[in-house]
Structure formats: structure tokens, C-alpha cells
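Paired with chain B in one complex and with chain C in the other, chain A is shared by the two complexes that follow.
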Partner chain A sequence: MALQLERASGGRSREGSPWTGLWAVVAKEMADHLTSARMRILEALIVLTAGGTVYAAMRSLRDSVSEDRFLLLKLFTTAYEPLPAFAGFLVPLIAIALAFDAINGEFSRRTMSRILAQPIYRDGLLLGKFLAGLCTLALVLTAIWSLIVGMGIIGLGIPPSGEEVARSLWFLLASIFYGGIWLALAMVFSIVFRQPATAALASIAVWLFFTVFWDILAGLLAQSLRPVRFGFAQEILAQAQLEMALARISPNTLYTEIMLPLLHPTVRSIGLLLPSQLQGAVLGAPLPLRQSLLLIWPQFTGLIAVPILLFALGYVLFQRQEIRA
Partner chain B sequence: MRRFWSIVTLLTLVLPVLSRPAPVMAQTGQPGPASPELTLSTSYPSQVIGMDESATLTLKLRTATTPQVVRLEMQEIPEGWAATFKGGGQIIQAATVEPDADASVTLKLEPPKDVAAGTYRFVVVARGDKAVARLPIELTIKEKLPPRLSLQTNLPIVQGSRSTTFRFDSTLKNDGDEDLTVNLEADAPEGFLVKFKLSAQEVTSLPLEANQSKTLSIEVRAFADVPAGDYPLQVRARGDGVQATLPLVVRVTGQPDLKVTAPEGRLSGRAYAGRTASLTIIVQNTGSAPAHAVKLSASPPSGWSVEFDPEQVDQIPAGHQAEVTAKIRPADKAVAGDYMVTVTASPEETIAGSKSDFRITVLTSTLWGVVGIVLIALAVGVVALAVLRFGRR
Partner chain C sequence: MSELVIETQALTKRYGQMTAVDGLDLGVHQGEVYGLLGPNGAGKTTTILMLLGLTEPTAGRVRVLGLDPARQPLSVKAKVGYLPERVGFYDELTARENLTYIAKLNGIPREEARRRIDEGFARMGLSEVADRRVATFSRGMRQRLGVADVLLKQPKLIILDEPTQGLDPEGAREFLHIIRSLKSEGITILLSSHLLHQVQAVCDRVGLFHRGRMVLEGTVDELARRALGSSYRIRVQADGAQPVLTEALQRVPGVVNVTPEGSNRYVVEATGDLRAEAAQAVVAAGGRLLALDVEAPSLEDIYTRTLEEVEHGPTA
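Showing the complex of A and B:
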């Protein structure tokens, strides 16, 4: 919508709509994705992930007799490490696998000029490839979600409440946007690097950096920037707040912080809580979904905005590239 | 010579003393004019007996000098009465009396079946060889006392609040001569429950021996909705056609009893962090007396403010309620979730007021949600700018 408005004002600078050929690209790319060998592997991963998650969750849920209002949500949270897998590493891996050769693959197959010879703009090609990847990712994650919920209902024998379904759907949405970050990143690398292998390696390097090293780095940075000299409460608090702010640069932290209040309705805060803020609080009372969403909204904003900005970066880089026949 | 005189003097002094007992002994040995030849006596010549009872008297016969056979008979006996002399376990008509030894004879006097109450005279005659002795006997037949019950208490009026157990310590006495089984009953006004307790055990009927008394505890309890006032009640003890009545008064004093609640009993509310929300609170007086100067207070979490409008209710009559608006403002930095706020209403009359916990759900402002949407729109704007700037290629 915004795009169209902008186009209307700056229409004289170019001819034709950037949307031209977009849906053709999306349809074609999705067909490629869904028929590729990659998809076979992904399908196997879907079944394994969903089955493993439900099996592990059921085992521990059957042992406990305590009543829980949010039994369905426990399916996603009560599991053996590293399950639920698609929360941790499956989403980035699928996203990277879908997009690491999006642009440079066309170059190496020497099909780029042929595609652009069609009445398709570069805008449409890039957005189409991104949307196709995102749709495929959404399809995969929705399949896993449906399998977990379906098997969970059969296994537990309890119909889920509307609130539970809404919360798990928001969780699914957050997972798709989280995947979108890695998808956009892999796409940027596929524009920058000519070799698909290099692009894949660069994407995985970034992912590893945020998964393994960033938390350690954030801790070290916070310690050096806000050292605890005298052991005052303010110093400790300031250091913890800085460490948390630094950690939130990592999409992994954002995603974990979103997951927590969504799947655990009793979580009231994802930041630091002073004891005075908890005075008189009825602990263990679940928050309404709206309040949980308000709690995670800053993180969610980041999760939505980062793929868009990464896409904008990729778009600029792609538009400035020279394409020869 | 001098010694002779002293002996004489001694003798004249001693002799009268020595010779003195001699005439006394002579008197007991001989029948004097005051001692009759034959005496007939009994210890208790006048007796009172009951209607169905018979009298048994022990007669003593004594003779002064001569052993003799004494014939016993009744000289005077009212009609229908039967007299029997007994000695040594047998019925006798005569007894042998020896000097210096009392002969003891038992006389049994049996009244006729339909004897009337009154005094009856008898005369027993003992005829010896020479002498005759008479013994008048008087028997009074007393009609039996009618059975009579009395029920009494020292404190017939007991005062207390509605939740008190009103206890009357009373004495139940059987004044009659017959054992009775006493049934206890009470005429209590509606809303009262009366229990009788005998040594901590609840009874409705008890045996009471003649001329015995028992301490009975009468416990009265009021049901919840009894208004203040005096309540007279009657306690009755019945047994064998007689009854005793004890009027008692239970004085129920009024007491305000406040209850803090909300319309439709919903003790919950919602408030945005840092913004004032009103909550309607209802103070009910379920007690039996009006409550005066009811003050409202709250114990919210720190950083919160709770104000009441009005802060004090002047009077809440019994059975009425007052509406108070509470203005609750959660702390600016309050975390979303449920919090407990305790509201207390304390009237002048009681020290401890009545409390209720209100559950306040704190919501956070949606302002940051708008900021997030603006940020996303900015990101989309960046893409649009990129399309505008580089779209020509």
C-alpha cells in the first residue's frame, strides 16, 4: 500500500509497476522449493520434529497429575532439550537453506539475464524470491505446528481453549518472522557473494555468532562498560540492564523473550523485576493474551522490522549490481 | 492419854463418813414407796408413721422384787388395728420378768388398709401377780406428701449478643415423697433453640428421686437473623401430673456486623498502570444494630494510591448498605498482572473491621504498541525509499 502510494508520487522516474511479474516469480519459486530435494529433507525434519516434540512432552505430561489451564501450551514448552527443535535451530537452518543461493544461484546457472529479459523487474524478482521463501518457511512451520497440536489433542484428549490456540498461533507467527530474519540475511549474502557455498557459510557463521558467542560477548562488554566497583545495588542493576540490552541485539534473544510470555501466561515481565514491583501481586495468575502481547511487543517490533530492513539492504545492493547476459 | 484423844477425834471424824453409804444401799435393796412392783415402758411412746406402714415398738418390762409371769394385752385399740407381741422371734402373750433384768417385748401395730390420717391412741396393759402396769401409746398416721416439683434459677435474665450461648443455671427439685421421671420442655420464641444439660450431657428427661435436687443447665442459642430485644421464654418440668414452670428472659443486644463486598459480589477490577480507576464498593451491615462512623481504608501494594469517596460513612442502619467509590491508581511502573488490595471497613463500635480482598488486574498502556507499529511503518518506508531511489535501474 505504502509502496503504491510512493510509486504514484515518483511515477515519472520509472515506467511500469514494481509488482509486475511478482506473483509469477512467487509461484515459480515455490514450485521449485516444494519439488526440490531440499523439501524432501525438510519434510523428514518436520515429521521428526513434531513427533519428537509431542512424544517427549507427552511423557512428562503424563507423569504429572497437576491440573493446568494451558495444557496445550505445555506441549511446546515441556520437552527434552534441544526440543522443541524448531524454536532453537531448525527455524534458522530452514531459512538459510531456502535462501542462501537465491540470487547467486541464478548467476551461476546463467539464468538471471533470461529472467530479467521477461517483463519482470528486479524489484519483483527479489521480493518474489523473498516471499516464496517466507511462504515455504511458513508452510513448513505451520505443518509442524498442526502436527504438534493435532497429535497433542489426540494424546491429551482435551480440546484446547481459544486462548491457548490464539497464543500458540501468535507463537507460530513469531517463529515465521524469526525465520524471516535469517531468510533476509541469507538473501543479502547471496547477493553479496557470488559463490553459494560462501553465502551459506557466511549465514551460518552469523547464526553461530549470535547463538554461541554473543551472550558471552554481551556479558564481557557489560562488565567492562559498567564495572561493579563498590558492589552497590545500582551498579549491579546497571550492569544487568546493559547486558540485557546488548543481548537483545541477537535475534535469538528476541525470539526467546517473545516465546516466554506467549507460552507461559504467568510470566509478567521479561526484564528485571524489583521486589517492590511484586508487592501484593498474585503470583501464578495468568495474564490476559492482550497484556502478554503488550509485554512482548517491543521484541515483536524488532522481529518484524529487522527482516524488512535487511530486505531493503538487499534490494539496494541488488539494484546496484551489474547484470550481464 | 493424849494419844487416846486423838484416836477418838479421828474416829468421830471418820465414822460418819464410813457409815454414810449404808442407808443408800439399803434403799436400793428394798422396794421403796416410789418404785412400783411392775413397770412397763418404751423409749418412744409416740410415733408418726406413713399410711402403708406399720409401727414396731420395743416394750421393756421390769419388776422390783419378785420374779413373776406378766400377761400382756391391749386395753385400748382403735377398730381394725392389729397388735402383735413378739419375743424371741415368736408371737407371745406373756413374758417372765425377773428382778434386775429387763424383759424386752416387741409390739407390732398394723393399721387397717383404709386407715385415715390422724392420731390413734393405744394402751398396753401388763398384768403381773400383784401389780398392773399401763403404757399409753400414741401413733400419728400422716398422709403422704403430694408430689411437688420446683424449678428455680438465680439469674432469670441473661444478656448477650446473637452469637452467645445464653446459659441459665437452674435447680430442679423434687419436693414430694415419690420418685419422679421428669420431662423437660421449653416454649421458646421463633429463632431460638433451647437445650437442657445435666453434667454436660444433653437431656430431655431425667429420673429424680424424692426430696432430691439436680442442677440443670438451660442453654439457649439464637439463630443468625434475630433482631435485638428481649425474648421471654418458658421452661417446664413435667412429671407424673405435676409441673414446674420457670420464666426466663433472653436479652439479645445488637451489634453491627459489616461486610465489604461489591455489586454482584464481583471482588475484582481493572486498572491501567499509572491511571486512576474507580471501583464501586458496597458496605453491608448484616448485624442487628446500626454501625456508626464507618471508616474505609485499604492496604494496596507500595506505590499505589487508593482513595475512598466518601472516606467515612456516618451511619449504616442494620440490614442496610452503603455504596462507596474507591479510586485506585496503580503505581506508574506497575507490572501487568493481578494484585491483591485489601479494603477494610471499621465502624466505631468494633475494633477489628471487616476486610475483603479485591483482585485488581493491572493493564499496561497500549502506547508502546503504537510506537512499535510506527517503527515497522518506518522500516516499510525505508524499503519504499529504496524502491524510489534505485527502482529505475
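Showing the complex of A and C:
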């Protein structure tokens, strides 16, 4: 005992695993998510979106069934006004709804000090909440995905090929990580702001900023930083490249760039395409899945990195937070 | 000398320029009820958070049950029950679900947890409402649920932060009863409060906090003697000529001052309990003694007096 004490107080190490109690937190939080009124609303949205997407896609696809090899993928991409392709707006919305009151909610319910007085670390609590949110999000998105695929198969009457299923599964995975970004962001705001409403608003503001304004800003910035003075090809190229680099800061751009090659197998580049690179290419021929994945790999890495970075930021903020109410 | 359950040496916590706890030396023995007393913002809650490892001390040493809360927080928190000020629960869950979550966080096996939870509910008189959502609970019920929650881990030490805050008098009395019954089981209890008569009713020893420092410590009686300089106030009610009786009372050895109040009442300040002597003096002086009463020094007086001294220097 004395020796143990000596060792523990001598080093800077903490006893035990930082993830003690993690699964208890995950189980409790997921149960909360799945039984909450918020979830009822999301479920209604799921059914509406899936139904709407399939219905809209079906109306136009029926005519061209024989001409397309990747019919299933078309279900995800064919959007009709006013319904956008489902993932773009629904994923961030669900993710933010799941996390905006994760931490500040515990403070406003005065449960934080009681929970942290149990033998767990803050690490376990924060990661538990994040994992629970991510699992719930994955569950919701998988439900939508299954609904769309299922209704699509029934409606179109054509079984999907293995390649199509694989591509749409990758798309599902990307959507989950895309959601993870907004989940982690909402969580960071739930640590920073004491009011859940403020955290929700801040998250939505960031989402709106990237959805609506960032592309415009990226264009403006590129124009002023790399102006086309003499009309050289290099100048135009430099400007376009900068604009693209800036645009890729936005998770929306990353996600779109992943979505394109996955769901449109004929897309063979997501950047600028110079004529020299097209030499010998059979235009309109679909790429195999491996090649499409290769194409989106950098974006995919970015998409996974952003939630991890945001979580790390939230972690640091939460560890330093005073827990007294 | 029994074993020290809580021990701090020169414990200090600063928030920027503000010093919340300043060089605190605290020792709480096995099995005693210790009251942290002081106005809001005196550093009571900060001290408690440091004892639990929920806030890191700026300087100084803490030992709780022989462990360092900053380095071994899991062991400390597994053995120490903490009931925060105005404890909160998940309103949308039932009382049982709330406690089950805590049991899981403590790694208590399912069957054992179920048994302990039922036990706790029975003890706190909550069995009837165990499966009702906490949203419907009154303040007093929440507080009792909080105790059931704390008892779940069968703690050796229980820390209660302002436990009677916001309870009605009936609820507060009930709660003090609970504290006494916990003490009778040998559980050490540290409680913080600014409600003095309650602290006085249950605490073995009291530490008086002011601006992060402990300005006075001891049993309530000790504190009284130290703070009030053994001043007892004896109220005498007697018919008779006022100057004569005043004079007679004044002559009793040990009496410091006599103040007549109204036509037949006197307040006698003395260095001890001089009721018998005062009665004798009144009767001997030909007065008709109607009533006699001694005011025990209340913590309230001690508190006020000490805080005044700390603020303005010793009063004459």
C-alpha cells in the first residue's frame, strides 16, 4: 500500500484507465438519444427524406432503366427541387441535434458534479458522449440508406450489382464521418457555451457559413491573392488551384468531392483536369471502385481527421473547465 | 487519537488573482461529523472539490482516506460519497434508472446494484416512487434520492455540500436525522453549510471559514468559550425595586454587567452559568423571582463575533 502510494504520488501518472466507465456512459447516452423526443422528430424526417428521395428519383429513372449500369447509385444523387440529395442537409442537422447540449446540458441539469464524483475520468465521459452520438448517427443514416436501397430495389425491380452496393456503402461511411464533424463541432460548442440554445445556434451558424458563404469567400480570396494580371495560363491555373484549396477547408466541399466519384463512377478527377491528363482515356467509361477510392483518398483522410481534431480541441477545453456550477 | 480520514496541509487554490482557499490545514477524524461553516464564497465548495480531485490544488497537500485525490482520483471517488449543492438528476429518467447509471459507473455488478438500490430506496422512504420519473420529485425527495445515490457505493466518507439548502423546516429536520443515522453507522461526514443552527445540531466539530482561511476550529462549546470569552447571558424576571435588585445582582461574584429591561426583567452577563447564585441574590434582596433562563451561546453569536473580529480586528 505504502509503496503503491509512493509510486502514484511520485510520478505524474494517473491511476487506472482513462476510459473507466466509458461503456456505461455510451449505453446510457445512446438509450437517452433513442428514447428522446428529439429522436421521434428525426425518425419522421428519416422516413420523409427517404420516401421523398426515392419517389423523386423513381419518377425520372423509370424511363432510362435500360441505359444505365449504376441505377442504384442514381437513387442517391438524383435530386429534384425542392428536395436536395438527402445527405447534404440532413446529416449536419441530425449531428447537431444529437450533440449541442451534450456537456452544457449536464451543467444546467446540475448532474455534472454528481457524475464526475463517480470513479470515472472526464475522458470517459466526453468520449462516451461522442461515441454514443456517433453510433446513433450511424444508426439513423444506415436506416435511411437501407430504406432508400430497399424501396429502390422494389420500385425499380432491378437487383443492384456488388459494385453498386460497395460504392453506396462507402458513401454511407463517408456520410457518417461527415456527420461526425458536425457532431464534434456541436460538442465543442456545448463545452464553450453554457446555454444549449447558444451552442445549437453557433453550430448551425458554422454550417450555414460553410454551406452558403465559404465558396463565395474562397473565390474572392483567390482573386485577390492570386490575381490574373496578364491572362497567362499559369496565372489562371494558380488562381483556380488556390480557390480549390481554400474551398476544401469546408467540410461540405470535402464531402461533395467524395460523393462525386463514389456515386458517379465515370468521374475521373475532382480537381482541374488538364488536356494532357486525358490522353488515352476512354471518356464516359466508368472507373473501377479501387480507382475511385484512390481518387477520394485524400479527401476521405481529411474527413476523418476533422472530427478527431475537433474532439481533441473539445477534450482540452473540457479538461480545463471548472466543474463548479 | 483516531485515524485521520481527511488531512490537508497548507492547501491553497488560486483562480488568477483571487485566492479561493488560502493555506488550509484541515484534519477530520474517523467517525466524526465535521461542519465547514462560512458565508457564501468563503471557499467551502472549492475545498470540497479539491478533496474529491475535481479541482487541482495550486499548492499544498491533500490526503483523503490516505490517498492523494489528484493522483488517485478513481480510488478516492470510489470510496467517497459526494452530494453536491442542489443536486441534480436526469429528469426524464426514473429514480431507479438514475441510480442504476451511477451503479454502472461504479462498476457494481448488476444483481448487487439492484439489491443496494432497493435498500437505499427503502431507507430513504422512496420505495413507492422508485419507478417514477425524477421530474415529478419535490426538492426534499431529490435530496433523499441524493443520499440513496451516495450510499450506493457504501462510502467510508460522505461529503455533503449545503445539504439542507432549499429544504423546508420539516425536510431539513428529517435530513439532519438522516445525517445522525449515518454517523451512527460509523461513516465519517463532512458537511458544509451557512445555516448555523443546523450545523450546531449535528456536528461534532466545526471549522469556521472566512475568505479561504479557517479562522476558528473546535467543538461548538469550545468555539463558544473562545469566541465569546465565556460570556453567558442570564435572563432574570423578578418583581421588586429595580435599583435594589440591579445592585444585588451586580454584587454576585462573576457577574460582569446587569442591564434592566422593562419593569421587571434583567439581563445578566456573567463568566459562567450563575443561575443559582442569581436566584439567591434576588431572593435575598427581597425580590419575587418569576423566571430564570440562561442563553447558551449559539453558533450564530460565535459566527458573527468572529467574522467581525476578522474583518475589523479584535473588538474591545
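General observations
FYI, the second predicted complex is superposed on the first by the 304 of 325 C-alpha atoms of A that agree within 3 Å, B and C clash if a C-alpha of one lies under 4 Å from a C-alpha of the other, contacts with A are read in each partner's own complex, and residues count from 1 in each chain.
Note that in this section a contact is a pair of C-beta atoms (placed from the backbone, for glycine too) under 8 Å apart; a residue touches a chain by one contact, two chains touch by 3 or more.
Owing to the predicted nature of the structure, the values given are computational and were not obtained by experimental measurement.
When both complexes are superposed on chain A, chain B and chain C end up sitting side by side without clashing. Of the two partner chains placed around the shared chain by superposition, chain C is the only one that A:R109 touches, whereas chain B remains out of contact.
By the touch criterion defined above, A:A233 reaches neither chain B nor chain C.
Look at A:P298: by the touch rule set out above, it reaches chain B but stays clear of chain C. In the superposition on chain A, contact of A:I216 is made with neither chain B nor chain C. When the two complexes are laid over each other on chain A, the CA centres of chain B and chain C sit 170 degrees apart as seen from the CA centre of chain A, to the nearest 10. In the superposition on chain A, contact is made by A:R268 with chain B only, not with chain C. Touched residues of chain A, counted separately for chain B and chain C, are more numerous for B. When the two complexes are overlaid on their common chain A, residue A:A24 makes contact with chain C while staying clear of chain B.
Put simply, the nearest alpha carbons of chain B and chain C end up 7 Å apart when the two models share chain A.
Chain A residues in contact with chain B (one complex) as well as with chain C (other complex) are 13-14, 121. Here chain C touches chain A in the complex through residues 15, 45-46, 49, 52, 54-55, 66-68, 71-75, 77-78, 80-92, 101-102, 104-107, 146, 149, 153, going by the rule given at the top. Listing the residues of chain A that touch chain C in their complex gives 1, 5, 8-9, 13-16, 20-21, 24-25, 27-28, 32, 35-36, 109-111, 113-121, 322-325.
Chain B makes touch with chain A in their complex at residues 300-304, 331, 333-341, 359, 361, 363-364, 366, 368-369, 371-373, 375-393. Residues 2-3, 6-7, 10, 13-14, 18, 121-123, 268-269, 273, 276-282, 285, 287-288, 290-291, 293-295, 297-298, 300-301, 304-305, 308-309, 311-312, 315-316, 319-320 of chain A are the ones touching chain B in the complex.
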